[in-house]
Structures are given as structure tokens and as C-alpha cells.
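Given below, in the form of C-alpha cells, are the structures.
The following pair of complexes shares a single chain, chain A, combined with chain B in the former and chain C in the latter.
Presenting the complex of A and B:
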């Protein structure tokens, strides 16, 4: 076997493996999308019948016209957006202080933000349930926002410190000479420069709170219930409404999927940043 | 001059603390307080179903948990699930990262598509795999029957062992992309001239992989092992959806986290549940220490 043929074989094997990988990554999701737009009998066979004449969006119309589905959807959106805003404001301040100033306890805070992410949510579930009930926030949207903020903030701070640290401090020194005060330096110089990082972090915070199932399951019943909890309810122990479940699944996944793909470059950087540096 | 310098530094400090305190306060209050509360609860016999006042039992809940066969079984399941998803996940991720680290057309697209499983919410992940593995109407059985590989539908989710394997498979799909992204980033930090030198020396691709790639990836691998262990140990959503909220069949997928949920929220045995939760947390800590001991030490001997 010459070197040339060996190289060609290697290339073919490589391409085949890449294609297999892509099928593996996408097929399950594509299958769910198909399930949401075709009658299930057409799909449950060796060669699925994908005749476009059978294609129907009726289950989307049904769910998007159902108040018991729209309510959780609106709840998820509101909780997600509120959590993101609170986390970004508090997180930006804290991360900026850590990245730019030396003060006692700085390392403790940074390390603490990393460590608390290891605490299993289940440890805090019952105490949070009791606390929220005592404050009248059980099954209320603000209760969820407060809870999600606590769990998301450490991650937000951790990511933002990395992004701020990448901005050269020399620009901010120039602003001092121009007579800006410390707060103005942060809002006018550092924040605009960190915009991509801020956007990626905000998207991550939103994805986190939008995707949560466990806390919403435990801390809400009907009033403040969120989309993942509603979606999970489509499958019972024995019977399952497949088309509705698939449709709800697609609706639940689509917003975060789109956000992730839009901000992919910065999200990937933000995700691996801490790991590669640490 | 030095006086203004000192004043400036004091102002710097005050400014930095003002910025940092709100976030720290939120985290300490909302995570620290419930954490203390959980420890406190775990020392009480506290069952909301019985409706009697909680009674202090000291470490009674813990001693009961240690000898509880249900807890022991769930711990074994948890460790098995964690071991397979963490080791299997990291190993596969290294392979995929090497695959995607080569130059080829569409490489960027392939890397971006890794984000699809990562972004899919865990609940949706459960539904997705249920559509595939369901015993009576899942597509996998339809395919296997159609190809003549099996004669009767396999009840993937009705057999405890099979259900655990399905769970591992489903979780793997979701967790692999993040590990892959980590490994790809790690590979980019490996100096390219090492490979060139090895090629000149006539080292085989496998030798290059074991002698250059793996040692240089070690910090990334360690990080991946620790982070993935933390996540695997607290898996919940996928179990809930795949098993209809039961952790079944026959307890087959009841990990320690799921058992804690059942005890705390179905049996309303808050005290016992709290002690199980704390045991789960100690497990996270222990596994992290094990990884550090295993990989940290090897690092030192090599430096010598």
C-alpha cells in the first residue's frame, strides 16, 4: 500500500466518522421535530412515511391556543428575562470589582463562586420550599426569580471575571486622566468593550433558568408553573401523547437552541475559558 | 502625593466592595442559609405526613441511612451511572475532539452543531429519547423489528437494567458536547512543533497520541472529570421524564438524588430526606477528592 492510498483511506475514514457524529448529534432532535408534524402512525415503522401531504401543524395550533400551555410559556419567559437582568446587574458589578481591584477576600469570593456551583440543588430544595412558603412566595414568579438568581449568579460572576480580565486596563487609565470617576470608567469604558462577553453570559443565564425543571417542579404548582414542568406533564407513567409531547418539546427547546446558535462563538469561549486558564 | 495615593486606595477599596457586596450577599443568603437549614433538618425526625412536631435525633437519620438497603442500592446505582458517564464521556470526547481537530471543510459547522445537544433542555432530552426507546411505539423497536434483528418488541424502559442503560445513553448525548468543546480547546494549547518533531522522529500516530496529546491534555482532562462528576452525581430531570417520575422500573433508575426527591417530596419525610441530600453532597466532595488524588499525584511524579 503506497503512502498516497493510505492517506486517502485515512481521509475517507475520517469523513465517514464525522458524518456519523453529525447524524448522532442531530438525528434525535430531528426525529422529535418530525414527530410533532406527522401523525405518529406514519412514523412508527421501518421506513417512515414522510409524504408531505400528511404534514400538519395542527398540534402546534392546539398547544399555542391552549391557555394551560400559554401560561407556563409566558411564566418561563418572564422568569427567564427577570433572572437574567438581575444576574447581569449584580454579576457585572461583582465581576468587575474582582477583575480590576485588589481587595482582601477577593480570592475567597472568586473561589467561593466556583465552589457553590458544586452544591447539589436537591440539598437546598426543601429549605427553599419552606422558606418561600413562609414568605408567601411559594408558587409565585418572584420566588422563582429569587431562587434562580441565587443559583445562576455564581456562574455569571465566574464567566464575567474572565471576560473583564481580557480587556487591557490601559484604556481605563486613559479615562482616569480624562476625568471619569470609577463608576463612569466601568459603565463607559469597560462594559462596552466587554459587550460580546456580556451578551454570551446573559444568554447562558437565560438558558439556565429557562431549562430548569427540578426547582420549578418543587417550588410551584399551578400559578407559576414553567414550560419544562408543563412539557414533562405530557408523559404519564404508562400512556403518553406522543405528538403533543414532541410538539411541546420542540417549543421548549427552540428558543434556547436559537439563542445558543446565534451566540455560539462567544458561548463556546465563555464555557471553556475557565477550564483552559485554570 | 503619598497622602492622595492612600486616599485613592481607600476609595478604590470602598468602590470595589460596594460593587461586590450585593452579589456576595445574595449568594450567601440564598445558598448559605438554606444549606445550614438543611443540615439542621437532617438532625430531626421531621415527617410532614405524620403531622407531629419535629424531634431532635442527632445523627439518627444518618445512622439509619447508612444501613438502609434502599439507600445502599441507590448509591451503587449512582456510582455506576457516574463512572460510566464520566469515564466513557471523557474518553469519547477526546476521540471526537481529535476527529474535529483535523483540517476539513465544514469543521466550523461541525463544532457549532455540538451546541445542539448542549442547549436542549434536560426535560426535552428525556422526551426525545422516550420517543425512540418507548417499548410499544418507539422507533428503535420498529427499526429492529423491520430489519428482523428481533422478533418481539424489546421493553427498553420496563426492565431495570435496560432502563439504566437507556438513561446512560440519553445523558451521554447531552453531556458529550460540552466535554468535546473542552477537549478541543485543550488540544489547541498543545504546541504544534511537538507533533512536527515527533513526525520527523518517525513516531506512529498512536504513539504521538499517547506521548504528546494525552500528557498535554491532562489539566483539561482533570477539569472535565471533576466537573462532569458533579453533574452526573446530581442527574434528575432525565430520570424523571424517562421513567414517568417514578425512578423505576423496580427502582432501576433511582439514584441517590432521585431517592432524596422521593423521600422528601412524596413521603414528605423531610428530616430523613435532608440527611440523604447531605450524603449526596459528601459523595460529590469525595469523588472530587479522588480525582484530585489520582491525577494530581501523577502530575508531581512526572515533574521530577
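Presenting the complex of A and C:
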């Protein structure tokens, strides 16, 4: 076998694997989208009827006009955005300090951030439930925000430390010579350069709290219910409204999907490139 | 304009038993308007010294004065100096114009004045056509010029350079070196320049501070450093090709020989039995002798023609001795030669301390 044929075979195998992976990842989602735009009886047969004439967005209209669905949607948005803002504001300062200062316990703090991630949420669910109820935050949006922040902040700090550490120290030294104080170095040099990292991290923080099901299920009932919990409620005990469930699923997934696409663009665009050397 | 005075400057890192000394007891004065190089191998403390002058690192002990004013407790931006970094350290999120203007903006210089100064600096360095570009769109040489323009536009009393040429390729480096010299002649500002390249230090400087292991080995003009190296380290570090250095023992009063080769040098005023002797390759000469001649000093090992000159490596009693002679010279490996040192300055050093003896 020549090197040329070996290379071609390798390429074909690679492409086939990529396609298989894509099918594996995308098929359930595509199936869900189909369920949300076709009447369910058209799909629930041996050969699904994909006649475009049957296409309808009526289930979207129905859900987006339903107050019992809009409320959880607004809740999710509120909780997601609030958590993200709190995490980014606190996390940026914390991560910058860890990335740029050498102090006693620095590594302990950093490793602590990672260790916390290893604690299973299920262990904390009941204690959290009791705590939140004691503080009067059960089934309240602030309760969810506090809880999600506690879980997301360590991850945010961990990621941001990496992004800040990647900024060449000589840039900050140049800024010191140019007359910046610590705060100005942060706002004028470090933050603009870390923008891609900040954006990616913020999106991750949002996705984390937006798509959480378990904690929201345990810590809310009606008032502060979030989108994933509401979506799961379409699954009845005896019957299931496939179309509504699929539609809610698409609505839940869409922001996450869009944000992930944007984040990818941000991450790939390495802003620091060209800062130093030739 | 400014004179920089270092007085017993010391820098240690860490505390207690883990402390390590980076720089010890540095005392010298950089005269107003002088261009001074800090020269030494990596890890000798030259960059640390520069950072202490700049205020990027604290001084552990001693003091630094600029223009008679003690500065080692001042913030870097209060010391009226500009710094050119080895990796240029251009802000990637700003245009070239903004990069040059940033330090002026931070100092609240008036808008028209900023434009004026940035344009001036850019014209001087031939980068006025790329003022609107981002640094990543520039070549290495252009980035280096932007870094220089940023320093010039500030019009500081002191320029500090941290190996600014080391990231350029050889050709560009030589050209930029000449331009730096012209620039300094034009601006006349006191400059401190860190380099490990003795050629850069020799060509650019009014004075050179040779450092090794955190100590100052010698502070003097390039000529003093070259003609009268104060220590064996300076002798070995400055000059290309490297100075021949070997241990010699006294054969008779005022005469020292290398092993049993019969090769001797005359030295008056030295009383020890064993010394280290230094001879510059370009000040020695060789003479080919007959194979049976017993006055031969050694055998030619390698001949390296460079074009204008030829380096001849000679095995003298197991030590390699280099001689640089003009032209291509008709010498081939294996020939027996006599080394002539009649033109050469003999540099004697103490074998234990490395200090110059006479």
C-alpha cells in the first residue's frame, strides 16, 4: 500500500466517523424539531409523513401565548441573566487576583474551586432545600440565583484565571510605565484583552443556570419554576403531549444553541495574537 | 536630562533560608546623556537592575537616584522614564496610534499635543503609514519601531531598553542597531540598555557595566573594557573571538610558560608562581616552521577562513589557542607553528579570584 492510498483511506475513515458522530449528536434534536412542527399523528407511524403541507407553527403560537409557559420562561431568563452577572462581576476580580498576585494559599484556593465541582449536586439538594426554606427563599428567584452562583462561580473563576494568565505580563508592565494603576491596568488592558474569554465564560455560566433541571425541581414549586421544569411537566402520567413537549424543548434549547455558536466564534478569535514578538 | 546613581543596590527574592540574591552591592553612576549598557550572560542580574531603575521591581537595599532625587520609593510613572521591552509589549487591542498615544493620554497631555508628538515620533521611525493598523498586522521590525516610537513620544529624561533587538533577525538587527545609535545622538537622553550581546554593547555604549552572578565586574568605556579587562570574566566575555585564557607557571623571573610547549610570555611586576594569562587572538600571529624544528609551540588543528580574516586553532600542550590573521593565509591543519605575541597585550589574572594582576 502506498503512502498516498493510506492517506486517502485515513481521510475517508475520518470523514465517516465525523458524520456518524454528527448523526449521533444531532438526530435526537432533529427529531424533536420535527415533532414541534408536524402534528404528532403524522410522525407516530411506521413511515413518518413528512409532507410539507402539514407543517405548522401552531404549537409555538400556543405555548408563547400561554401564561403558565411564559412565566417559567421569564423566570429562567431572569435567573440565568442574574446568575451570569453576579458570577462575572465577582469572578473577574477574584480570577484576576489569583492570576496576577502570588499570595499564601493561592494554589489551595485554585484547587478548591476545582474540588467543589466534584461534589455531586444530589448530596447538597436536601440541605439546600432546608436552608432556602429557613431563609424564606424557597420557591423564590433570588434563592435560585444564590444557589446557581454558588455552583457556577468556582467554574467561572477557574476558567477566567486561565484567560488572564494568558495575557503577557509585559503588557501590564508597559501599562505601569505608561502610568496605569492596578485598576486602570485591569479596565484598560486586562479586560479588553480577555473579552473573548469573558464572553465564553459568561455564556457558559448562563447555559449552566438556564438549563439546570434538578435544583430547580427541588427548590421551586409554582412561583419560581423554570423552563426545564415546566417542559418536563408535559410528560403526563398516562398520556403525553409530544408536540408541546417538543416545542418547549426547542424553545429551551434555542438560546443555549445560539449562545454556544457565538461563544465558539469568540474563543477561536484569539485577540492576544500579535501582542508580542514577531 | 538626568543622571542615574545606583548606590549599594541589592535585590533578594524570597525570605529566610530560601532567599536568593539576584543583585548585590551595585554602585555606579550613569552620567547625564550617556548611553550605558548592562552586559552579562543570562541570570547575571542585568534585567533585574533595569527593572529596579524602572520601578517594576522593588529595591531590597540601597538606593537609586535620578537627577539627585531618590526614586526607589516612587511609582514607575513618576520617574520620568520610558521602557522598551524585549517582546515590544504593544497593546494588541489598540491601533499603532493609540499604542503610542496611550502613555500621553494617561498623563493628561492635551489632544493636539498628543497628535503632534505621535506624528513626530512615527515620522522619525518611518511608521507613519501604519498608524491606523493593529500591531498584529505589522512585521517584527515595524513592531519594534512602534515600541521605540512609544518611548520617544513620551519625551522622558531616561530611556530603558531590555534587549530590544534580540527578537529581530540578524540583518535587521544590525540596521536597527545603527538607527538606535543615531536616535540617541539626536535625542541625547540618558539611556540604559540591557544586552547579552557584547557586540551590541561595544558598538552602542558610552560606558558598559559588565555583570556576572549579580555582581558588577567592571564599569568603564568600551575601550577600557576591551583593553584592560578588570577580571578574567570580563576578559572572556568581551571580545570576539574570545580571548585565549590559560594557566601558566613561572619559568624564570618575569617569564611565564604554557605547559612544556616552550610557549612563553613576558610579564613584569607579577610575583606569583602560577597565573592565568589572557591573549587576544587578533593580537597574536603564527609562523609555520619545519616539522623537525624544536622551537615549534604547537600543531594547527582547525583553520576557519572568514573572508577578511582566518581563525587558526592551535593545539599547544593540549590547550586550544586561537590566532586570527588577516586574509586567507596559507595554513593547513597538521602544520607545526610558532606563536608570536610581540604585538599582544598580556593580561595577567589571579587564578583564585580572577582579578587583574597588573
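General observations
One rule holds in what follows: the second predicted complex is superposed on the first by the 244 of 278 C-alpha atoms of A that agree within 3 Å, B and C clash if a C-alpha of one lies under 4 Å from a C-alpha of the other, contacts with A are read in each partner's own complex, and residues count from 1 in each chain.
Quick note on the criterion: contacts are C-beta pairs under 8 Å (C-beta built on N, C-alpha and C of every residue); 3 or more make two chains touch, one makes a residue touch a chain.
Values in this document were obtained by computation on a predicted structure and should not be read as measured data.
Of the two partner chains, neither chain B nor chain C is touched by A:80. Which of chain B and chain C touches more residues of chain A is settled by the count: it is B. Once the two complexes are overlaid on the shared chain, A:146 sits against chain B while remaining clear of chain C. In the superposed model, A:184 lies in contact with chain C only, and not with chain B.
Of the two partner chains, chain C is the only one that A:193 touches; chain B does not reach it. When both complexes are overlaid on chain A, the residue A:127 reaches chain B alone and has no touch with chain C. Legend: residue contacts after superposition of the two complexes on their common chain; A:162 is shown touching neither chain B nor chain C. Of the two partner chains placed by superposition, only chain B is touched by A:22; chain C is not.
On chain A, the surface patch touched by chain B in one complex and by chain C in the other comprises residues 271-272, 275-276, 278. On the side of chain B, the complex with chain A involves touching residues 11-13, 15-17, 19-20, 22-24, 26-27, 29-31, 33-35, 37-38, 41, 96, 99-100, 102, 104, 106, 110-124, 126-132, 134, 137-139, 142-143, 145-147, 173, 177-178, 181-182, 184-186, 189, 219-220, 223-224, 227, 230, 233-234, 236-237, 240-241, 244-246, 257, 260-261, 264-265, 270, 273-274, 277-278, 280-281, 284-285, 288.
Partner chain A is touched in their complex by these residues of chain C: 54-56, 75-77, 81-83, 85-93, 102-103, 106-107, 134-141, 143-144, 167-168. Looking at the complex, you find that chain A touches chain B at residues 14-15, 17-18, 21-22, 24-26, 28-29, 31-32, 35, 40, 43-48, 90-91, 93-94, 96-98, 100-101, 103, 109, 112-113, 116-128, 130-131, 146-147, 149-151, 153-154, 157, 182-183, 186, 207, 210-211, 213-214, 217-218, 228-229, 231-232, 234-238, 240, 242, 245-246, 248-250, 252-253, 256-257, 259-261, 264, 267-268, 271-272, 275-276, 278. If you check the complex, the residues on chain A that touch chain C are 168, 170-171, 173-180, 184, 189, 192-193, 271-278.
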